[in-house]
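Next come two complexes built around subunit A: one with subunit B, the other with subunit C.
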Partner chain A sequence: MKGIGIFNLRFQVILVLSWRNLWRNHRRTIIMLAAISVGVWAMIFMTALMRGMVDDMLKQGIQNLPGHIQIHHPDFRDDPSIVNSIDEPSGNLLDALNDPATKAWSTRIKVPAVIASERETRGINLLGIEPGKETLLSGIGDQIIEGRFLRDSNDNGLIIGAKLAERLETRVGKRVVVISQDPDNNIAERGFKVVGIYKAKMPRLEEFNVYAALESLQDLLKIKPQISQISIVGEDFRDIALLYHRLKLATPENLEIKTWYELDAYLKYMLNMMDGFVLVWVIIIFLALSFGLVNTLAMAVFERVHEIGLIQALGMRPGMIVYQILLESLLLLLMGLSIGNLLAFITVKPLESGMDISIVAEGMAMMGASSMLYPSLTAADMILANMVVIILGILTSILPAWRAAQLDPVRALHST
Partner chain B sequence: MSNVSILLAWRNLWRHKRRTWLTVGAMIFSNSLLVFSISLQFGSYEMMIDNTLQAFSGHIQLQHEQYLDDPKMRHNLPEIIATAQRLRDELKLENVGARAVGFALASSSDRSYGIQVLGVEPLFEGRVSSIPGLVHEGRYLEKDSYDEIVIGSTLARNLKIATGDELTFLGSGLDNSFAAGVVRVVGTFESGMPDLDRNLAQVSLNYFNDSFAMRGKGHSIAVRAGNIEAVAGLKASIEALLKNQSDLAVRHWEELQPGLKQAIQADMTSAWFMYLVLIILVAFSVLNTQLMSVLERTREFGTMMALGLKPSNLSRLVIAETFLMSSLGLLLGIAVGFVITWYLSVVGFYYPGMEEMAVKFNLPDRMYPEINPVSLLLGPCMVAFASLLASIYPATRLYRLLPVEAMRAV
Partner chain C sequence: MSSIRCIQLCKTFRQGDEIITGLDHVDIVVDKGEFVCLSGPSGSGKTTLLNAIGGLDTPDSGEIHMDGIRIDMLAKGPLADMRLHNIGFVFQAYNLIPVLTAQENVEFVMQVQGVAAAERAQKARDILKEVGLVGMEDRKPAQLSGGQQQRVAVARAIASQPKLVLADEPTANLDTVASSQLMNLFSELNQHHRVTFIIATHDKRVMAYAKRLIKMEDGKIISDEMQAPILDEN
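Coming up: the complex of A and B.
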């Protein structure tokens, strides 16, 4: 107990000493504090913006697939044709899909087709969906801007994008012809009434994705009761390993099951790149700061050579001097970090409701993000930034601190 | 500023070697980083623009004025081949190609897909688009090609056909008649751009004209300029030549590919935010160093003032010191930045996972920074400028100095 008491006392003395030393030259400390605060603010602010953008890209990308996990015919990805259809889920797989761990799932048909109005013809992606369940996956039901959404799997209507409607010069209530082929390679053709028009965040999708009810497409394509794919959504797209393994066990051997990052390599790349970017950015800022930090400490030591010599002569051990200077650095870093974090917090929070960047909307669309940017302040990114600053900050302070401890008391005392 | 003051400033700098080097080090670090990243930006933007425009759209397109917003068959230009020839003859342009565009359902013996059919001038298309050069199986269309077609590699795979096979297409012509035909696949191309490889087929403009009942009309004339800087001038001279033609619009690539320009803008904005932060941090470093160096010389400055120097002389001395320091940082930073960037511009710059990005943005899988005077000087000059600004505060403090008190200061 006594040992701890002495240690505490010593620590307190050194802490007070460091704190007072810090404010002996308040201008220098304030400038350094400002530099650290700006640096830390920039680290976190920029990271929050980028993180927000990448999260948006990932969400959009996953909604387009759609789903965190997909099950389909092994050849379907290479050759997305009606020939590569699969049976509707049954048995073990159906049980696994209905397990509460699966947040939502839906079966879909996805085939290439041609759509024609009286005026124009376009190539499209024809999707047969279960209306209620599909909305949980791709959000299509919430994007209808005109007319209505599909009612059920037998609905005879067609939902097209606003852009496609413009290209085809058609509108809600008009008829269009959809042409595709059945598994026997016969032309499957049918008139559909356009019942709804949707607006997607990505304008490109509006031109390609056309939605019809699952069963009416199964009839048209003569594949009842087959489907093209099963899309599954879990709780969090970042954490689907468990769900994947459970479903994989239940999936028959002749089907392929893939996660979102296997289905779209670009999305996975964006996520990796983002993590890499955060680290590189934080380290670059830290390096730019480190020169000033070392400089500040070196100056502080230099000014105090005489005094350090004196306290060494009076019996303070070199280790204590190192402690004292490291503590000074730590206090400086902690203050800078608090101000920087606070600044980042109060600048990011008001922006979290969304920044309108529609001025570069088409550029963002090219990258796969939408025209609203929602900065995202994540605990992991903030911890990373703070840890890098503290750990590397202390490491860079060791050199000036060590040099101070190496001073020869006699010489130091004689210096001016 | 006299030689003596410069000498004085220079010597003052080295009174605290370590401090000066640390501050200069911060400058070198930021400067070389700025040189590298600005050069990389230049290089990648240029590649992005070149690769995207080369593939298909060209630098300039002549279109019906409504075609850009509403790309429909009926928004066309008359006498398309003659107009393209006029550009070649009268403006002495070599890289000009006329085109017409239609949609059709393409069917092989066991598959059908909706595709975009492009009618091109086989002899000239290679001068405005890289696709003719990217045929990896079979050959491209020839001068007298008639019922021949070149299709994207993904499309060929999806249709399960190869060169030599026949393909039927069905679409609607300009007069709403059926546009149908049987064509032989003579080649497949691989552009690396998923949309084109999956969706695009090319036939000769003559054949397109007959099957889609175009009667000599077409949808666009693509023009490629020698380099990106020449585009604006070229656009103006084309507009001057064809000013009498009604309904015609000459489109700059920025209008044809608005996404490209905006992606670059978005990237620029975030990059400049980062550069600005770096520059500010260096400025703080300089501010700190110079303020300390002024404060610790209070006594010396007091003496100098007592000897008759004015505050303005002294503050000029401080500015001169900063100037020398930032020049040193500038020169060494440019040198280090240049060496690193030059090395990477030769061997190429690569980071893991870049292929996915490369496909998305039409970039090669290695990036080559482009070193030019702007990319070398822009960042370092801004750092030097910010450093000089930062030394204003320490310099103005000298005006508050009272010689007698200053001389007594510790």
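Coming up: the complex of A and C.
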């Protein structure tokens, strides 16, 4: 206890010395403080912009089909044909799907097919959907730019993408023929009237995804009441572990349940890459800052050689001198971080409702992001930036601190 | 019982191509409660000897014992602890910590020693009063005159009740009155608190206060005599 008491008293004295020494050269401290604050602000602000962009890309990617979690036939991913269909959910699985923790879910049919107009024929993904539920999942109902969306599961209309309509040289109100296979490998074909055209945020999807009502497709493919997949959405695509676990317990063993990042490795890599990029970005900014920080501390030590010699002569252990210089650095960093975090909060929060970047919309669309950017200020990114600054800041301060502690007291006392 | 014993101390310095002798086989024993003055011309080795005894500098050869502990062999940390708990320094150039007030400067050593806040504050106030600095406790060194700063430095040196005070030309920057006041204070502490003093000086008025006068030249002790101290008439 006595040892702790002495440490506290020594800590108090080095805290007072550190704080007051920091303000001996106001101008230098303020300049360094400004550099740290702007650096931290830049770290967090740019990270929020990048995070917002990648989140948007991920959301688009996840929305445009897999959902957050998907249940399907174990062979469906290798062979997405009609033979790998499953029964509509029932029993425990249906109860789990209807649990309030599940934000939305829907059943789908997904089969490869061919679509033909009077002028052109193309290969497509034919999707049988429950219109009401599907809008909650993929937002397709909100992407209609011409005509209307499907009314119900018996609707006989067809929704095609704007790009596909252009390729097929067709339009709303015209008829097209859809050709696929039933489970017995017989040709299943039917004429559909195009009732709506959608514009996807990811243009490549417009060419391939064609939507029909679930029951219409079940009739066409003679698989009633079977489906290809159950797609589920939770509250946050980053935090689906609990939902996945709960649904997995309720899923029959003959079905496969997968998360979005298992279904789409590209999206997972994109998220990992973003996390890595944030760390690299934060470290690069810090490296620029560290030169100023080391220089400030080295100057502070250089100017106080005489004083350091004095406190050594008075009986301050070398270790305490190291702590004093490190504490000086820590105080500077903490002040810079506080201001930088506050600046980031003040500047990012008003932009969270969306930044119009339509001037570069085409480029963003190519990457799968929309023309509105929603900066995302996450606690994890802020903690990362703060931790990097504190840990690396202290590490870079060790050299000047160690040098101060190694000064020869006699020489130091004779320096001016 | 001897408090300090130096055996065959040698120390040389390199200045360009020249090697300067700081201490040349110095033997000295200083008993507890002695009041010793080291005198001699500049470069005679007074400060080098003080620095060696205070553990600020390491001799090239020889031994330094303090209360039976060989301090020239101690590592930096234990040596710092030894200085903290046993030695008070008074330097020629005052050497106060500029960011601390007079009171905080006096409290500094006690705080590092781990003396509780109330106790050290009271001690610091008492000692500042003793050295005639009442009402100046909250002033920073830059707001004090040279004499006042030196008195704060003395207060700091004695506040932690060291066994030994090492003073290097303590009156060099003081006027006659301030010098007398300071030396009277040293004499009083020596007589009443049995604090050992070793003072390096070439001020004859300071030497007059010493009970023992050691003369040095070229790093050697050339004379070591006891004398009757002449106390200030004031």
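Definition applied: the second predicted complex is superposed on the first by the 320 of 416 C-alpha atoms of A that agree within 3 Å, B and C clash if a C-alpha of one lies under 4 Å from a C-alpha of the other, contacts with A are read in each partner's own complex, and residues count from 1 in each chain.
In this text, a contact is a pair of C-beta atoms (placed from the backbone, for glycine too) under 8 Å apart; a residue touches a chain by one contact, two chains touch by 3 or more.
Just so we're clear, the structure is a prediction, and the values are computed from it rather than from any experiment.
Undergrad: Which partner does A:Leu9 contact after superposing on A: first (subunit B), second (subunit C), both, neither?
TA: It touches subunit C, and subunit B stays clear.
Undergrad: For A:Leu310, is the partner it touches subunit B (first), subunit C (second), both, or none of the two (neither)?
TA: Touch partner of A:Leu310: subunit C, not subunit B.
Undergrad: For A:Asn185, select first, second, both or neither according to whether it touches subunit B, subunit C, the two together, or no partner.
TA: first
Undergrad: Counting touched residues of subunit A, say whether subunit B or subunit C comes out ahead.
TA: B
Undergrad: May I ask you to decide whether A:Val294 touches subunit B, subunit C, both, or neither, giving the answer as first, second, both or neither?
TA: In the superposed model, A:Val294 contacts subunit B only, not subunit C.
Undergrad: Just subunit B (first), just subunit C (second), both, or neither: which does A:Val114 touch?
TA: first
Undergrad: After lining up the shared chain so the two structures overlap, which partner does A:Gly39 touch, if you call subunit B first and subunit C second: first, second, both or neither?
TA: Touch partner of A:Gly39: subunit B, not subunit C.
Undergrad: For A:Arg28, using the defined touch cut-off, is the partner it touches subunit B, subunit C, both, or neither? Pick first, second, both or neither.
TA: After superposing on A, A:Arg28 lies in contact with subunit B but is clear of subunit C.
Undergrad: Would you pull the subunit B residues touching subunit A in the complex into a rising list?
TA: So the residues of subunit B touching subunit A come out as 16, 18-19, 22-23, 25-26, 29-30, 33, 70-73, 103-105, 109-116, 157-158, 171-172, 176, 199, 258-266, 269-270, 273-274, 277-278, 280-282, 284-285, 287-289, 291-292, 295-296, 351-353, 356-357, 359-361.
Undergrad: Once bound in the complex, which stretches of subunit A touch subunit B?
TA: 25, 27-28, 31-32, 34-35, 38-39, 42, 46, 49-50, 78-81, 112-116, 119-124, 166-167, 179-181, 185, 187, 265-266, 268-269, 272-273, 276, 281, 284-285, 287-289, 291-292, 294-296, 298-299, 302-303, 357, 359-368
Undergrad: Which stretch or stretches of subunit C touch subunit A in the complex?
TA: Those in contact with subunit A are residues 51, 54, 56-57, 76-77, 80-85, 87, 89, 91, 95, 97-100, 104, 108-109, 111-117, 156.
Undergrad: Across the complex, what residues on subunit A touch subunit C?
TA: Per the stated touch rule, the residues are 2, 5-6, 9-10, 12-13, 16-17, 20-21, 24, 306-307, 310-320, 409-410, 413.
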